[in-house]
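Some structures are shown below for you to check.
In what follows, chain A forms one complex with chain B and a second complex with chain C.
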Partner chain A sequence: MAQSVAQKRLFHEYKNLSTNPPEGITAGPVSEDDMFYWEALIEGPGGTPFEGGVFAAELKFPKDYPLSPPTMKFVGGGVWHPNVYPNGTVCISILHPPGDDPNHYEHASERWSPIQSVEKILISVMSMLAEPNDESPANVEAAKMWRERRSEYEQKVRDEVRKGLGL
Partner chain B sequence: MHDDEPSLNIPSLLTLAVVSYFVLRWFFNRDEGSSGGRPRGRGNVVDPAQVEQIAQMFPQLSTRDIMWDLQRNGGSVAATTERILAGRGLETPPPSFQPQVVMPRGHAPVPATSTATPSKADGQDLISRYNLSARIIAENEESQSPASTSAWAQNKEERQRLLQKRRDEMILAARRKMMEKGKGPAQ
Partner chain C sequence: MENSLEITDSTDWLGTPLQLLAPLESSLRCQVCKDFFDTPMITSCSHSFCSLCIRRCLTADNKCPICREGDQVLKLRRNWAVQELLDTFKTARPAVMELARKFKALKEQEENQVPEPQPKKRKANQIEQSQEVSSVEASPPRLRTRSRSVKAVPQEPEVIPEIIEDSEGEEEYIPDDGMAVCPVCDRTMKIEAVSHHIDKCLVEQEAREATERQKHTAFGVLQRQQNSPSKQLDRLPTLNYDLMNPSQLRKKFKELGIPTEGAKDLMKRRHTEWVNLWNANCDSQNPKSRMQLLRELRVWEDTQGGGSVMTVPDRNTVTSKGFDAAGWSANHNDDFKRLIASARKKTDAQVRSTIPGSSGSDQSPSTSPNGLPGKVAEDLGDR
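Let's look at the complex of A and B:
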């Protein structure tokens, strides 16, 4: 069976995530026939309006993973958050390749490198939900609401959390 | 050199030279042979691109160990990767091992910019996304399902099933908790 380096590394990460899953995270390939397409579930961090929620996201890996980072997109219900595009795509420094720093505010250590992993991405996204980064809003509307009308923002997030669980 | 010295004549010197030539040749061939017939006939040369490739996959490993393993298996990236993934680890090379390679450090990988597609997220909840409505009805009638355990199976289908089970239970447990919270006095 001729497996590429990327497939082997992804399989290795899948195994680690299954045998030793981090708190509040479930992730793996949708089907092992395509190791480059994963789905992940993240629990909303406690003490935030996202608490109690579960958020699904798809991860698409490039063929040269882990040299290049995957892309991550929330699916099945929007995530109302300053760093998540209205279409669900996550904008976070760990998903940006080292050479790509259009805004010159990210440290190289925060960005993607092969030392990072799916687990680290998902943990970073979890903490991003708790603490939005106001410097680079992907959802300008949500960022504005978060800054100026915090209680309205939190109520909207809580409503979406319940809606996501079919309540 | 004295011609009358019986122990150091020309024939015996020639014999010594021939014998030591064969001994040395055998000695170096043995070293070569133990690395399993390398396709590239040159001693300690390791392809820096291969070393880089493995080092980028497994940044925790020392490049020296990687070079040692690559050299011993005849420069096969696949074999070295296999070995690392199988959990056997790499051997520490002997102190005499001098890899003949200059590692080009710090050249950045190809940047790939992902452009966000301007499509809207589908407004589907997780219950309908994963077809869990039947499970919710069943759950209301039966007792609660036992907590999921982390698991790994050798079989591909079984792994798929376990992952799906963990995923479904995570959603259903969150839903149960949220419903209980909703029933409580303060929301």
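Let's look at the complex of A and C:
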């Protein structure tokens, strides 16, 4: 079968990520037969309550990738974070196409562009775990807790991490 | 899939002695498709992309993907300098890569075992040398490998490698030691070996000329640049889709020779893709045939156009993941059946009223109004 533009590009990214993976990040297609569905593992950044955790996420790519961004969703739950919806979907500016700005707060420069990549998304998500964006809470409860009762928030995150590791 | 192995990437250099070439290679790659530039174009904001990539981006978004400065397809200009760099690099890459990998393997071997034989040591020196030299200078060892293959021909082994590089201008030097000069390559060898050598030499000569020709592509580019205006293909204009109805679009598509099926939105997207493919091909040094472009449009059609059914339900699905489809259809089975029955009644009545004299049982006239509800009914019945 002839390869589409998106498939070729995803193969490139896959190869790049497997030969030169950034620290704390692993990602690749679940099966090479379907390049549009990836799984990623992100280590919780050190010095944050997420430290020590390993978070699995799924990435789904549109057919016109890289013109449109993929979607990313943490699977298995356990990510208690202001910018992660309770169902695990990640809400971060790099995953939003430049055209629409539903939240009216994002700079165009932070949003998706065809030159962005899976690697950059995952790195952004890692730094998002360390520094939540208070302006557009996807999980209002978590955002409130993060803002008002920081120590309780951190404790909850640590508990979730431990639960995720089966401890 | 073997595809992942075929793909070259700038990270291929990492871990080899030539890893400094990784950034060089990544700067010769388009940031949109991550492949080597294919007909590099420069934007008003001085960023370069493949012609097709930037055309697709601009028709989708009107912005440079790197700096998000607004730009237009009409303002794109070819970037010949990058094209030349790229051609040269791509020609040299396989040999340089092979060399780098060989050195890496040798080094690993040496680390694993204590160095004992003499010739190996010499090779180790070679490694260190070329670790310092740039990619350009990496070619002499390649020549040597070629001379090694020459050695396979029965002849004086020592003479050839020495002469191979400066064979030109040495014609006068004919030592009278039972040696003869090959008329093709001017190399010296034993008389007995000449006739056997010449056959091989002619083949080699041809191969060398071919690479020589490749080397001079830079000059070729200039020539082509001068020649091109006369036989340049005409670029296609964009259409104002809002001013055209589907039948006008279809007529236009027929003129262009591209598929006419699908709803207006799909036709719009198909036309945009075709214009991008066509115009990017006009930018290219080696334009493809119309057939080839149509094949590429076909690939697009299969993956992103009408052939890809996945596009719509893949994203933004309305139903949530935990939706119990079976339970829902069981609960509402009666409702569905009632709706289907009333829909059938209605269309049957319509058929009877529009085509007098034909009863509902007649198949041929009723296919068009009846076809869809019938199919829906089957689908729902399956649930």
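As a working rule, the second predicted complex is superposed on the first by the 166 of 167 C-alpha atoms of A that agree within 3 Å, B and C clash if a C-alpha of one lies under 4 Å from a C-alpha of the other, contacts with A are read in each partner's own complex, and residues count from 1 in each chain.
Convention: a residue touches a chain if its C-beta (ideal position, glycine included) is under 8 Å from a C-beta of that chain, and two chains touch if they have at least 3 such contacts.
Everything quoted here is computed from the prediction, not taken from an experiment.
Student: Record, for the superposition on chain A, whether partners chain B and chain C clash or fit.
Tutor: clash
Student: Between chain B and chain C, whom does A:Gly52 touch in the aligned arrangement: first, second, both, or neither?
Tutor: First partner only.
Student: After the superposition on A, what does A:Lys63 contact: first (chain B), second (chain C), both or neither?
Tutor: Touch partner of A:Lys63: chain C, not chain B.
Student: Would you check which partner chain A:Glu13 touches, where first means chain B only, second means chain C only, and both and neither mean what they say?
Tutor: second
Student: Tell me which partner A:Phe74 touches in the superposition: chain B (first), chain C (second), both or neither.
Tutor: After superposition on chain A, A:Phe74 lies in contact with chain B alone.
Student: After superposition on the shared chain, which partner residues are touched by A:Pro98: those of chain B (first), chain C (second), both, or neither?
Tutor: Both partners.
Student: Contact-wise, after the overlay, does A:Ser151 reach chain B, chain C, both or neither (first, second, both, neither)?
Tutor: neither
Student: Determine, for the superposed model, which of the two partners chain B and chain C contacts more residues of chain A.
Tutor: B
Student: Would you mind checking which of 183-191, 237-245 or 273-281 on chain C runs into chain B after superposing?
Tutor: Looking at 183-191, 237-245 or 273-281, the stretch of chain C that collides with chain B is 273-281.
Student: Where on chain A do the contacts from chain B and from chain C line up?
Tutor: Common to the two interfaces on chain A: residues 5, 8-9, 11-12, 15, 19-20, 32, 62, 64, 66-67, 71, 98-99, 113-115.
Student: In the complex, go through chain B and note every residue touching chain A.
Tutor: Residue list for chain B touching chain A: 53, 56-57, 59, 77, 81, 85, 108-114, 116-129, 132-133, 136, 150-152, 156, 159-160, 162-163, 166-167, 170-171, 174-175, 177-179, 181-182.
Student: What does chain A use to touch chain C in their complex?
Tutor: 1-9, 11-16, 19-20, 32-33, 36, 60, 62-64, 66-67, 71, 98-99, 108-109, 113-115, 117
Student: Which residues of chain C touch chain A once you look at their complex with the stated criterion?
Tutor: So the residues of chain C in touch with chain A come to 1, 3-4, 7, 9-12, 14, 31-35, 53, 56-57, 60-61, 63, 65-66, 68, 295, 298-300, 302-304, 308, 310-311, 314-315.
Student: Under the touch definition given earlier, write down the residues of chain A that touch chain B in their complex.
Tutor: Against chain B, the touching part of chain A is residues 5, 8-9, 11-12, 15, 18-21, 26, 28, 31-32, 39, 41, 43, 52-54, 56, 62, 64, 66-68, 71, 73-78, 85-89, 95, 97-100, 113-115, 138, 161-167.
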